[in-house]
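When the chains are written out, they are named A, B, C and D in that same order, and each has its own residue count from 1.
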Amino acid sequence: MRRLKYWQAISEATVQCMEGDPNILIAGIGVDDHKGMFGTTRGAFQRFGRSRVFDIPNCENAMAGIAIGAAAVGKRPLVVHPRNDFMFLAMDQIFNLAAKWKYMYGTQAGVPVVFRGIVGRGWGQGATHSQSLQATFAHFPGLHVAAPASPADAKGLLVSALQGSTPVVLLENRALYELEGDVAEAPTPIPFGQGRIIREGNDITIVGASLMAYEADRAADILGEKGIRAEVIDPRSMRPLDERIILDSLRKTGHLVVADTSWAAYGFAAEVAAVAAEKGFAFLKAPVRRITLPDCPAPVSEPLEKAFHPSPMTIVQACLEVLQSEVSSVRGLRDVQERFTGPY
Amino acid sequence: MGISKEEILSLLRGMLRIRCLEETLAERYQEQEMQTPTHFSIGQEATAVGVCSALEQQDVIYSGHRCHAHYLAKGGPLLGLVGELYGREVGCARGRGGSVHLTDAGSGVIASSAILGQTIAVAVGSAWAFSLDHSRRVAVAFFGDGAVEEGIFHESLNFAALHKVPVLFVCENNLYSTHSSLAVRQPAGIQIYERARAYSLPSRQVDGNDVAAVFQATREAVEWCRSGRGPYFLEGLTYRWREHVGPLWDYDAGYRTKAEVEEWMARCPIKRLSEQLLRDGLCSEGELRRWREEIQQEIAHAIVVAKSSPFPSVQCLLEGTY
Amino acid sequence: MRRLKYWQAISEATVQCMEGDPNILIAGIGVDDHKGMFGTTRGAFQRFGRSRVFDIPNCENAMAGIAIGAAAVGKRPLVVHPRNDFMFLAMDQIFNLAAKWKYMYGTQAGVPVVFRGIVGRGWGQGATHSQSLQATFAHFPGLHVAAPASPADAKGLLVSALQGSTPVVLLENRALYELEGDVAEAPTPIPFGQGRIIREGNDITIVGASLMAYEADRAADILGEKGIRAEVIDPRSMRPLDERIILDSLRKTGHLVVADTSWAAYGFAAEVAAVAAEKGFAFLKAPVRRITLPDCPAPVSEPLEKAFHPSPMTIVQACLEVLQSEVSSVRGLRDVQERFTGPY
Amino acid sequence: MGISKEEILSLLRGMLRIRCLEETLAERYQEQEMQTPTHFSIGQEATAVGVCSALEQQDVIYSGHRCHAHYLAKGGPLLGLVGELYGREVGCARGRGGSVHLTDAGSGVIASSAILGQTIAVAVGSAWAFSLDHSRRVAVAFFGDGAVEEGIFHESLNFAALHKVPVLFVCENNLYSTHSSLAVRQPAGIQIYERARAYSLPSRQVDGNDVAAVFQATREAVEWCRSGRGPYFLEGLTYRWREHVGPLWDYDAGYRTKAEVEEWMARCPIKRLSEQLLRDGLCSEGELRRWREEIQQEIAHAIVVAKSSPFPSVQCLLEGTY
């Protein structure tokens, strides 16, 4: 299979879907410029030009409404936000209208609008350009919410979004954009609500959202060196959440660590922990652990920023604690941490 | 363009139908069987009827919380509205949406909503889609003077003017937003229709209680939109007779005077037009009475049907979320 | 002690705080009209008039920013929203500025703005006028978020908000407005992050947020008739959350039911369940249960609306299931449910 | 009001100082030690200096993402800015905020922010507080032509005009929002300063590269605000030389032409004023050289101090959240 970068996979999915469905439009700040939304909309603009790829004024709230109105009469708008943090401005339309449309108007047809929001990370993105809004979006019925962590998933989930009839929010971590992976040529949808087992293991379950799925896999490498076989699960979508895949894993391992790119309180990690406490209680052999952001806004200064984001080692440490291994007994941990540079 | 006799009679009948229905609903509302916060349009029928009568069926409209008149004027079935207020499956939103969430695909009533200004953008979106499809269809956004203050008003007009989309903005200026007069919400010295000019839009103010004037202004406006020249903005001056939400009068609440309400009631769009038509010999007292009776029958029938039709089944509570 | 209604307690706290601090202002749609925001701002308007109580244009986002700007130069604005659902329009200012101000600007002083949002309930409020946004607000560091369930708490938490230096979101369920309770005359602050034990018990812990604290207490009455002694906890604030009071109770009871006025996924109930799974695991004897809204927007039609909102009986049933009692063995449950009319 | 020699020299020196600093920063930025997305104001110094020089110390300013010039012009300490870019505790936001979150209470720089339009409302709020206190203070909101499209612009101007608060809106129109020209964002046929009139505001466009013109226009505007007559709107036409974010040039990116950039560089506000002053004999080449040297020294010193001062301690990561 070909290998594509994450952003290339998004671009490919977009172009293929637009070829298949003339009703798909793209709208967003700078989607037609030389940067092409970090490359993700460049292919579509080259292929379809200004008749289907629209640069827009700075009007997040109206744009969401405009997309809904276009969807109500047959279009399939894909609205792209260079940072998901700007979507706070569009939440009224997303929550109070798009998410509720089908139910509230008792209609057969919903409004198939797709919002892509990019999550900033690193290089001093700071407090208002690096939030991860998956829990905020996923609290509300009526939406599908996903945060793909691999090129293949980025493609498949976007295809699903552009072919489905439900309003969708896709959150893409900027730090994953250069990640390479196998991606099938055909635009095959990955259904929302279906998680992915990144690696199998019997000792402990690590559920990681978005970038943290990737980090969890790195953590599992390190744990593997110590003979601990972690099962790593990427839920892929937050709404619906694939509870089954998590519970099945828990049944095997009895131990759970959840890693997220956002804060602990009322976040993704809370929901997974709650599912475990509610439906996986019988399997649990030890307390669940959440690996999340420190409870403060994102700082800019480099040392603070570095301390702010959980690393694979943070996950490793949590797993060892859950398994009650002696952390200090794991030789060379520091070195591994230092060696790791990740995809940023 | 002149207005034919047929047209003018139909304008009157349209207003009468809305008035009769809303008055009946206001009365029935007090039986506490309609459990949905309801904003009556009594006194404001002329803008709804004048505008919608100048549209084609394929054109679409959007509205806000005060949406009954728009729904009916565009052709939304009466039973759909009544059924919705009674929370029945036969309601236009199957009892899920209530008074503020009216919809009827067949007649082009796409959606009304209870969040101020929300549907202004949505109407622009439909109009944008029409223009991308080189279609002749026009979208209309109905909203009040209060919605004009929301940021989305600005963003929507900017986008619409920029892309020259066929949307008609209709601001029903009834001088109040809940209990707040324009004076405590918008700077003096400029009128709402003039503000639209800041977006390079043609705009115009009409007497919102003169249905013929609204109708003619809309015909011109819609022609403008349909011919690809972009959006148009119409402001209709009118007045809400009853309380902001609910069926009662509120002369005495303190935010407006009884004299003011009465002054506007004297300018009742229905009274005005029917007196004129009688004067001009275009209709007779008998005709008016007959209409009223026909309408009352239609209403009574709808209420009976609505009240005897089933509520949504509790088993279907989740249905429609996805 | 005097008994006041919930709305009267809010009104009293407002007037007392405004007397004590000339920098406090009120702003909101219709705060000065005859309805006086369901009575809560009427007293302040009568006492202080138009120089400190401001009706405003319909501009939720700007108003939040204006409040922040006034706070930055010494004022203490109290912004009132007749429905918390309108606050989606103001979330950029609340999350991207107010919540982060102190941290992001490295300053000593934060911006002490207080937002009150009323949660609609019943009589066909519908999908966009009856949401409960506590989890959405409480996910973000930098805010205090509370949802008082009694007149005394409504007063004490508002006093805390108006005297503190942190931006605060207070959510008040409309269904509680006519509830009466003892309220101290003096404006004594109740600190954020301190829960309240509504009643003590050893068998099961019920944590209820906002209106659900009240409903949980009713549920405990019914359970009491069966000899089950439930401990009912009202966390009062969601951020910070009083984990201690929950864990202490759990240590005694070993059983947990969490009731919330919002949806389960990524909601308040998830967070409490997560705290239990993470820090109270050793105490837990049975799976946690969440009692929340069905996963759909709020319907209007009366029978649907009735089915939509969890009742005390829903909580009772969950408790019995957690305790593995035979539900059908509890005599007269239906009757109790029918007899209950609540405060609406 | 004329401009004194002292004043004009100080305007020139102010611009020169900002230019020198930003050019140095742009160079140093490429060493990758400043890890914070940075929007340079090179080419746009005249609006910042012209406006801020007409303010009193007690007046406050707010800015957006392109805020260095405003911060410095209002008197924000140079080390505070440099330290912030290097992420040090000595930075004006103690390294927490970065390039887009500048603040300095002492000089009245309250806040800049990276969300478009956000601080327009916040400035109105401070001005509102001033008017409630019957204070003489004025608040200034700096923002770009792109922020004008946001709904909050509309809501803020409406509120400010309604309550006649002493806020000066300063739109730095540099023709672009990231890589999008005005033509793809706002309808043709009306200019930004004219839009402000929709709120019954006095408004005016000035040559944003003519610091003296900006200064004088601001003096009049601020007098208007200070005297209780309400807000004022000033639009300055100017141009950004470098890329939208980051230190590089982007002639060749495709969204604008090299000729356009060069045309605007020829209208450099500093070159223009210094040539004029030299011509008029108000300053000498030697003076200019000396200033430059003094400024470079100040900058070099600040960079040394910043780079040698401590980063925030990781132990304090959570501090300041509450």
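Quick note on the criterion: a contact is a pair of C-beta atoms (placed from the backbone, for glycine too) under 8 Å apart; a residue touches a chain by one contact, two chains touch by 3 or more.
What you are looking at is a predicted structure, and each value in this text was computed from that prediction instead of being measured.
Chemist: By the touch criterion stated at the start, how many steps lie between subunit B and subunit C on the shortest route?
Modeler: Minimal hop count between subunit B and subunit C: 1.
Chemist: Just curious, how far off is subunit B from subunit A if you go by their C-alpha centres, in Å?
Modeler: Computed value for the inter-centroid distance: 42 Å.
Chemist: With chain centres taken as the means of their Cα atoms, state the distance from subunit A to subunit C in Å.
Modeler: Taking the mean C-alpha position of each chain, the two centres sit 30 Å apart.
Chemist: Averaging over Cα atoms per chain, report the distance between subunit A and subunit D in Å.
Modeler: The mean C-alpha positions of subunit A and subunit D differ by 37 Å.
Chemist: Would you please write down the residue numbers of subunit B that are in contact with two or more other chains?
Modeler: Each of 91, 95-97, 101, 113, 115, 149-152, 155, 158, 162, 184-186, 320-321 in subunit B touches at least two other chains.
Chemist: For subunit A, give me the residues that contact two or more of the other chains.
Modeler: Residue numbers touching two or more other chains: 56-57, 59, 61-62, 85, 89, 92, 96-97, 103-104, 126-128, 141-142, 295-297, 299.
Chemist: If every chain is a node and every touching pair an edge, decide which shape results: line, ring, star, complete or other.
Modeler: Contact pattern: complete, every chain touching every other.
Chemist: Within the complex, which stretch of subunit B touches subunit C?
Modeler: 35-37, 87-88, 91, 95-101, 113-117, 146-147, 149-151, 177-180, 184-186, 253-255, 311-312, 314, 317-318, 320-321
Chemist: If we count contacts the way the header does, which residues on subunit D are in touch with subunit C in the complex?
Modeler: Touch list, subunit D to subunit C: 60, 62, 91-97, 101, 103, 105, 110-111, 113, 115, 118-130, 132, 139, 151-152, 155-156, 158-159, 162, 320-322.
Chemist: Per the contact definition, I'd like the list of subunit C residues that touch subunit A in the complex.
Modeler: Touch list, subunit C to subunit A: 61, 85, 88-89, 91-92, 95-97, 99-100, 103-104, 126-128, 131, 135-136, 138-142, 238-239, 241, 262-271, 273-274, 276-279, 281-282, 284, 286-290, 295-297, 299.
Chemist: Which of the residues in subunit C end up touching subunit D in this complex?
Modeler: 25, 51, 56-57, 59, 61-75, 77, 92-93, 96-97, 101-107, 110, 141-142, 166
Chemist: What residues of subunit D sit close enough to touch subunit B in their complex?
Modeler: Residues of subunit D touching subunit B: 149-155, 158, 161-162, 184-190, 194-195, 197-201.
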